[in-house]
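The next part holds the structures, each set out as structure tokens.
What follows is subunit A paired twice: with subunit B in the first complex and subunit C in the second.
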Partner chain A sequence: MTTTFDTGSALAISNVSKVFNKGNENEVIALSDVNLNVHTGEFISLIGPSGCGKSTLLRVIGDLTGFDSGSVQVSGKSPEDARKERLYGIAFQQAALFDWRTVSKNIELPLELAGWDKSQREVRSAELLEMVQLSEFGNHRPWELSGGMQQRVAIARSLAVDPPLLLMDEPFGALDEMTRERMQNELLRIRLDTGKTIVFVTHSIPEAVYLSDRVVVMSPRPGRITAEINVDLGERTETTRESDHFFHCVTSVREALRLHDTSGTSTSSFRGEV
Partner chain B sequence: MASTRDRISNGFVSFLWALAGIAIIGLMWELTKLIGTIIDLPFNTSNQAMPHIWTMFSAFSLPEVRGSDTTVFQAVLAASTYSLTLALGGFVIGVSVGLLLAIIMQRFLFFERGLLPFVIASQTVPLIALAPLIVGIGNQISFGPIQWSTTYSVMFIAAYLAFFPLSVGALRGLQAPSSTSLELMRSYAATNNKVLWKLRFPASIPYLVPALKVSAAAAVVGTVVAEISTGVRGGIGRLMVEYARETTSQPAKVYVAVFGAILLGLVVAAAITAVDVLLTRNLPKKGLA
Partner chain C sequence: MNSKLSYLWPPILIAALFLGAWQLLVVVQDLKPFLLPAPSLIASEFSNGATLMWGAAFYTGTTAFLGLLFGTIAGLFMALLAQRFITVNKLVTPLAAGLATVPIIALTPILNNMFNITSRTPRVLVTAIIVLFPIFVNVMRGLIQVNPLQVELMRSLNAAPRTTLRILRIPNAIPFFFTGLKIAAPLAVIAALVAEYFGGPQEGLGSRIASAAANTAYGRAWAYVLAAIITGLIFYLAIIAIERLVTPRSAQLHVKA
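Then we have the complex of A and B:
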């Protein structure tokens, strides 16, 4: 793997390791020798059992936490520079909207901090509200919205400064199945409209397959990447989720997850099955 | 917005409850006196020791001192107003200092570790010991033509009592934002000051409002007690001492002063409630306050 940066690379992670509580009894190797390259406009999902380091990897990319060794380049820059230049937007499982601000003002927060003036901000937040189909709710308070609507506001907010990269940590994790599928379609539409590079963390295999160009499978203790599965579903339609190809991809991801399941004694028997 | 209106009407209902509470206390007072005439109670229920409620009210219109044309009521009102200004001064100073300390302690872990024990220890010094000390030190202070006055000592003591609940409440409030909110701000490349202003401070409001209430009460109590222990004239504390000396001739008079102190408390509580409504009008009602 070369460390040279070509213009098509949105994210270049090589040999990254991260240890929490180094040297004491609680030491956890959250990331071990992680290599990942994402090209511009690609949609990748990180999937793996709880504690395998998905969130940690996302935080490393976003410079929300540091790492111990290796190198990370976000659009050819260090994570810190990328963060300071506001090259990514982020959304979490909790919408984390600010109660004391209206929906519009929540979306405008990153713009305020980036020094946009008021009229520009208002134009932009109206545009984004339209994108997430919440135009009538700009003056509402966040707590007046349903969980799905709040999550849409959070996504609009992550897109506010129009960053090329979107980091999403289980953004639909707290939603019911119906809302979740609707949100997935909306995210795909937004992706088509904006051409963002997206790194998406999820626990759901079908969700990962449905959304992504590539599913990155991780396994814990130590947290590492164990498989990458290319998904080639083409344009998603109403029948995509029922297609054989979709099931085939879901099965591949499931097997990749099972292969490195070190949590039980049944590892070897699973291996036998595969 | 409807919720603001709800809050105001809620406030009105609480006010009615407060009135009902006062009425019940009055009734119990009279009832105690009545029982005292029938059976022997372990305390004195005579009109000398426990004047009738109506005697207290009639004392409102007594002349302040024999032959003066100001009534007791006017005197109490004037004294209450004076004490209120001192309490307000102490409150503002206390709140400012408390807030500043909270911000410093939040920003620098080092200061939280180093300062918090002193902040807590400061409240264990008894006021009785503190008051003469402050007056003593204060009297030696002068900035050119400006001379320290004992009223500053009263304000200082009020501030001393008021800053504590506020700094502790504010510190908790400033530390309230979730790690998710803080990570969001970091992802926006927000400076520490922006994080303080746009996240920590608004998030602290539900913690700040109850802290303000406690601080305001502390400032009032501090003022009255400080007036008594420093001997500052013109306030309700001093008036209470003076009227208490007249119990033999005018037993109801001192209670007018007590009403004045209660009034002081009510005015302050109403003001804080107004601040509460103003600050929390945009927050969900399930707030901590």
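Then we have the complex of A and C:
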């Protein structure tokens, strides 16, 4: 992948902290002094043991939850303004499709809310269905699709209004290994086609390495960023996953994770070890 | 067609065995009708008084229908209002339990005094109040028990609360609404019938059962009970039919899974 970033800042996070249940006995420091900058068009992965604040960070970026101190800028705007201008699309571990809508109507939901008229919506959803290779399934109901297909619909939905930023919280977490690898390739293809900035949360080290330009390693109690590893794998091909360089990157990430793993047991929470 | 109806045979067989055993018990033990009338006696009373039965069932059924209609409208309205203030599902369950303990039928004599006792109004009102609770509680649950990820999605799309209500909460509540209706519909028939025990016009099933029993016509009393059961069943089946019409079969199965 030849990635030439324009110099624009997609995301600028500085000294962000977030505490849940402040002052009471269940107090959790979900994010402590987090700093992160992401260029326009960059693909970064957030990785770390369960509870280290990956989802919280994503939700802070998306203005789905607030934060206590620091500053966050999404394309130079506050998270709230960015959300209101629909500058990002989001996909979760579950597809979270609306059962009472057809696949096409699910993809059209963001367009509906953005006030597109019907004929424009239909053109766009057909385009997106083609992008995720589900053209024949527009009139199906979500439950008639496999898990992988549903997740593709959710990704198409997150791309609907063509937002410059994609937030993805373990979107392939519930898929089997084969489907997962296929979806990873599709995501890379979509990224190449659209040039989106992507913030991707995962538990899988190989997945993070395979997808990203940069892997951001987090650690819990308090949730913070402990390492950033640049992945310069170039264009991904069928043999990328078997290359020495790939293994080298995987090892770097694993070591960065181990460095802050004091419990000795939490490595078991990682799936997809090589 | 044969295989489609094959599931009907076991219940029919069980019903036939049950009625046979009942008949046998009454004949062999020579039970008096005030203890337990034979199915054959109930059946003959039922067919002899068919037009009366039909008229009484129609009267009570109309009360039940009107009560169901108004109660459902009121329950839906209340649920839509309440979901704006109660957003925590935990609150719905104690609310439901609390409401279920209110002995609404005891209101009938009071309503009879407040409204014209010779009209249907107090009975419809009692029925409506009884219907209101299962509709309110179930619809409320459906409006609140939404997938939290879908709520976040709506927020990420900058949807106003009323938009989220229209696009997410109301469609989500439809299966819950039918669950409420399936509880409420037979309840409406029972309420309309019991409300007749407190005086007023004497055309309904409740009045007929009471007067037949008072006249020691136990076979006839039981025949009216049978008519009441059939009326309740018709209400229930009508709701199921509407549910099938409104939501495709696969959707119902999926939502419940």
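Simple rule for what comes next: the second predicted complex is superposed on the first by the 256 of 274 C-alpha atoms of A that agree within 3 Å, B and C clash if a C-alpha of one lies under 4 Å from a C-alpha of the other, contacts with A are read in each partner's own complex, and residues count from 1 in each chain.
One rule holds in what follows: a residue touches a chain if its C-beta (ideal position, glycine included) is under 8 Å from a C-beta of that chain, and two chains touch if they have at least 3 such contacts.
Note that the structure is a prediction, hence the values are computed from the model and not measured.
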{"item": "Clash or fit, subunit B versus subunit C on superposed subunit A", "value": "clash"}
{"item": "Partner chain(s) touched by A:His203 [first = subunit B, second = subunit C, both, neither]", "value": "neither"}
{"item": "First, second, both or neither for A:Arg189, with subunit B first and subunit C second", "value": "neither"}
{"item": "Contacts of A:Asp99 with subunit B and subunit C, given as first, second, both or neither", "value": "both"}
{"item": "Contacts of A:Lys118 with subunit B and subunit C, given as first, second, both or neither", "value": "neither"}
{"item": "Contacts of A:His248 with subunit B and subunit C, given as first, second, both or neither", "value": "neither"}
{"item": "Set intersection of subunit A contacts, subunit C complex versus subunit B complex", "value": "59, 62-64, 83-84, 86, 88-90, 92, 94, 96, 98-100, 109-110, 112-114, 141, 143"}
{"item": "Complex interface listing, subunit C residues touching subunit A", "value": "147, 149-150, 152-153, 155-159, 163, 167-168, 171, 174, 250-251, 254-255"}
{"item": "Residues of subunit B touching subunit A in the complex", "value": "178, 180-181, 183-190, 194, 198-199, 202-203, 205, 282-284"}
{"item": "Contact set on subunit A toward subunit C in their complex", "value": "59, 62-64, 83-84, 86, 88-90, 92, 94, 96, 98-100, 109-110, 112-114, 141, 143-144"}
{"item": "Parts of subunit A lying in touch with subunit B, wherever the complex brings them together", "value": "59, 62-64, 83-86, 88-90, 92, 94, 96, 98-100, 109-110, 112-114, 141, 143"}
